[in-house]
């Protein structure tokens, strides 16, 4: 008998049918992955299992008995725990406090038993194989460590069914490997794991079973020996994607637009040289914390530089502020679109022109509304944003992939000569991903110099013309992308002998 | 959600009902039909710092006077909670729209309300100033306290208490006209009637109890001959008492305060303060109401302010000294400890 | 869904719920009051009602910008009386009105500049800085005036109190001009649009090449200048200057802006038009309860109740809207 069974689950929000007659079975001691494009209904399905939503019809059957849950607390009582996509770690509290949030061990009088809390936390962390000091302030940990604390927090509640929603999106490969070991371990202890991810390679690597959702319908479940990328993609998108990555640069002899010599910033990066050529995509690879984003921000004028020079079109330059850089045609597309990229409560059209206000204004500073609409509509069409009449929508109401496209539109509207993109496809589904890759290629072909920072090695290898590898604040290697293998790059990452001192 | 909203709106409606159902203006007494012949008249009291106990006493006097005048006389109390002359002027303008027969106004400062008071008079609304005057506004009459006499009453009491000779000091916030007058009355009475008493020092405590304690303690230490201290405002006496207590000289120092508050009442009962000079806000409110009614109903006697009735330009409500002994009468104590509700 | 319902849904989708709620409550109040208080619907009361809230209305325009930028400005409660006192001092020394008024507005904008400068260099929350500046100004005002009102303006100045332009008092004209200016600017002008960007996401605004600090400087200076204008108009209206003017005006102004739908917690949400509607709502409420004949303390309770009701109702409508769509 299955530990957990979903029977004919249907759920709508208003007129929008998110899940239709979904059936699934989860077995004890098994990693069962669920994959699907953004909006396919994965998160909704998990929230139904986790007691956050209730299905309109259908049953959740636990140990053969149908259950009805009204809140996540009831789900916990049934032994079901979710690790959410967004970390719910409270940064200014200790690790132990985070692990036992709202269920702190107390003395009879109601005072917190700190000693027990810390030792229990230590045990819970040990159970997931992590050696973290429970008295450490959680905000001081790396994102990867925080994710592990998050899992410990759920495990500490003695769950039998563990749901992980996109757990690796913020992790470096090394941290992800670590997580998979932990999952494997838990699986051996008899925990059923439901794993949601965008990343095909991960899913294939760790899953015993994979179920594919498309537009709220389960299109199939594959067992370990049936899984392969092409099959899964076909089931996800309902068609063959064809070539996964766009072609490489047609010409490689553009002139150098942006380059640097000996860039250093204390405790962040050291002695970085790079050059960006017109018409070319430079991939910058490294693990999280390698200093890639920091270099980009310093070049862009958002952070300072301790040493080194930046050259624009052969001339020495130092951007005093982001506005200075933008004025010189250097744009930075940020890693986290919600925090530092988009204005989520504002309209699409306002976002599109936010980096080129000057060019859509009369001399007296008045906005040319017609021009703004024209530009917005052009980009919506060019980038195939859905829905196509979203010019007046608020960003908040668009899906992740479309938000990402608007972020591109914003920077394209600024007509830069250099575009730095930081993790351009994080949290984006397969379809939107290849769209973004081809946009990047088109931009390069149109004469822009593109620097693409990414933690996804296949993306780096597939999209770039040249690859620069960084590790612990240093540049460790630079390769031509043609014919480059993952092994070569990973060796370059780990060949470092000393880090930043 | 619907259910929640229903509950919230039920509560809201319950609170809001008086708006939809309540009476317009407070009637002074329940109407039994006998005075139904007379047309209703509204009299408004406009104050600053609405909620101050002093003004509640004034309003209580006004209400009682209105009740004596008849059921047709209705009253209301209006004014901002803040000490803001411009806000008070706005409230006054709003009250004018309601076309009351008369307005009793205590002005937050001497000039800001002038134009609004003028507007009321031009619309035949009788305006009586009380407590805080706006002398150039054209108000028909002013009912309040003669602060010079107030200071003299303090001086007389002080001289009696210290036995007719010695050195005394005055606590004052300079710049405040009422307090300056009290101090002048105090000093003049002493120089005229008690040649052996000398006012040796004037202290500025900025109207703050803690500051008062500091400056008094400094004075007591610098000048051990001080026998008495008079505060021209309500916070000086508690401060002086605290300083004397700290220095262990409570028995040697005569403290005379101004006005009353729960702190002053406590100290009077314990004997730490010998006396406090008080005026009579109830009487001020009562007389103001009477004058407003008089002005709104002219008689055949020629008036100084036509078309209004004949009223005197100024009435002083008088003042008295309360002591621990005065308060030993339970009725008197009850009066001071239970301010009227509005 | 049937076609009829679709049209209804489309209509509801287009209505700004916050505005609709305010209108609804105002209509209820006006209807009830006009049947109960005979003077409520008179022209005289309308004029008084507008006058009652005109100073707050002017300051609310600037406060909207500050709150949109993600900040708050409590200095207005100190700047309003300060500007009236400064005007009295300048005119008392023989300066004619116009240059004195210009000097006062410039001087007060300078206070806004200093406020923002301290906020930036000390990296303190604007609440703390502006409250400190307000306290300093209060002390300065008391020191200059010694606690009593200043009058003795020339007769030509006093005449401005009753002056009308197109049949309206001076303060109304000033408000209409300012409101029109800010509506147009926040809708069409680049520098004012930036306020929304900076308030909505300061980090993104910075990376978009917007000079965020300049935007902050602008909004605090505008807010201070508008408080100064309100102070000058107060001095004109009452032919006096006093430290007591504008006491707690900051809270009334902030409430007005919030009622008008500008978010106090998330910058970049709200509008000048919303604030104007909020101003009207507050003016009606403040006036209605004085007219109502309710006991004076009950008036305060009712004001609070209606403010909460306005917020709750718009939440409720939002819920209905989502349901319908």
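Of note:
The chains carry the letters A, B and C, assigned in the order they are written, with residues numbered from 1 in each.
By definition in this document, a residue touches a chain if its C-beta (ideal position, glycine included) is under 8 Å from a C-beta of that chain, and two chains touch if they have at least 3 such contacts.
This is a predicted model, so every value here is computed, not measured.
Ranked by C-beta contact pairs, the top pair of chains is B-C.
Most remote chain with respect to chain C, judged by CA-atom centres, is A. Distance from the chain A centre to the chain B centre is 69 Å, each centre being the mean of its Cα atoms. Once the centre of each chain is set as its mean CA position, chain B and chain C turn out to be 34 Å apart.
Centre-to-centre, using mean CA coordinates, chain A is 43 Å away from chain C. Counting partners per residue, chain C has no residue that reaches two or more other chains. By the touch criterion stated above, chain B contacts chain C in their complex at residues 1, 5, 8-9, 12, 15-16, 18-20, 22-26, 48, 50-51, 76-87, 89-91, 93-99, 108-115, 173-177, 342.
Put simply, chain C touches chain B in their complex at residues 32, 36-37, 39, 42, 44-45, 48-49, 51-52, 55, 146-149, 151, 161, 234, 237-240, 242, 244-248, 287, 289-298, 300-302, 305-306, 308-309, 312, 316, 319.
By the touch criterion given at the top, residues 14-15, 300, 302, 321-327, 332, 334, 339-346, 350, 354-355, 357-358, 361, 365-367, 369, 410, 414 of chain A touch chain C in their complex. Contacts from chain C toward chain A in the complex involve residues 188-191, 193-194, 196-197, 200-201, 203-211, 266, 268-269, 322, 325.
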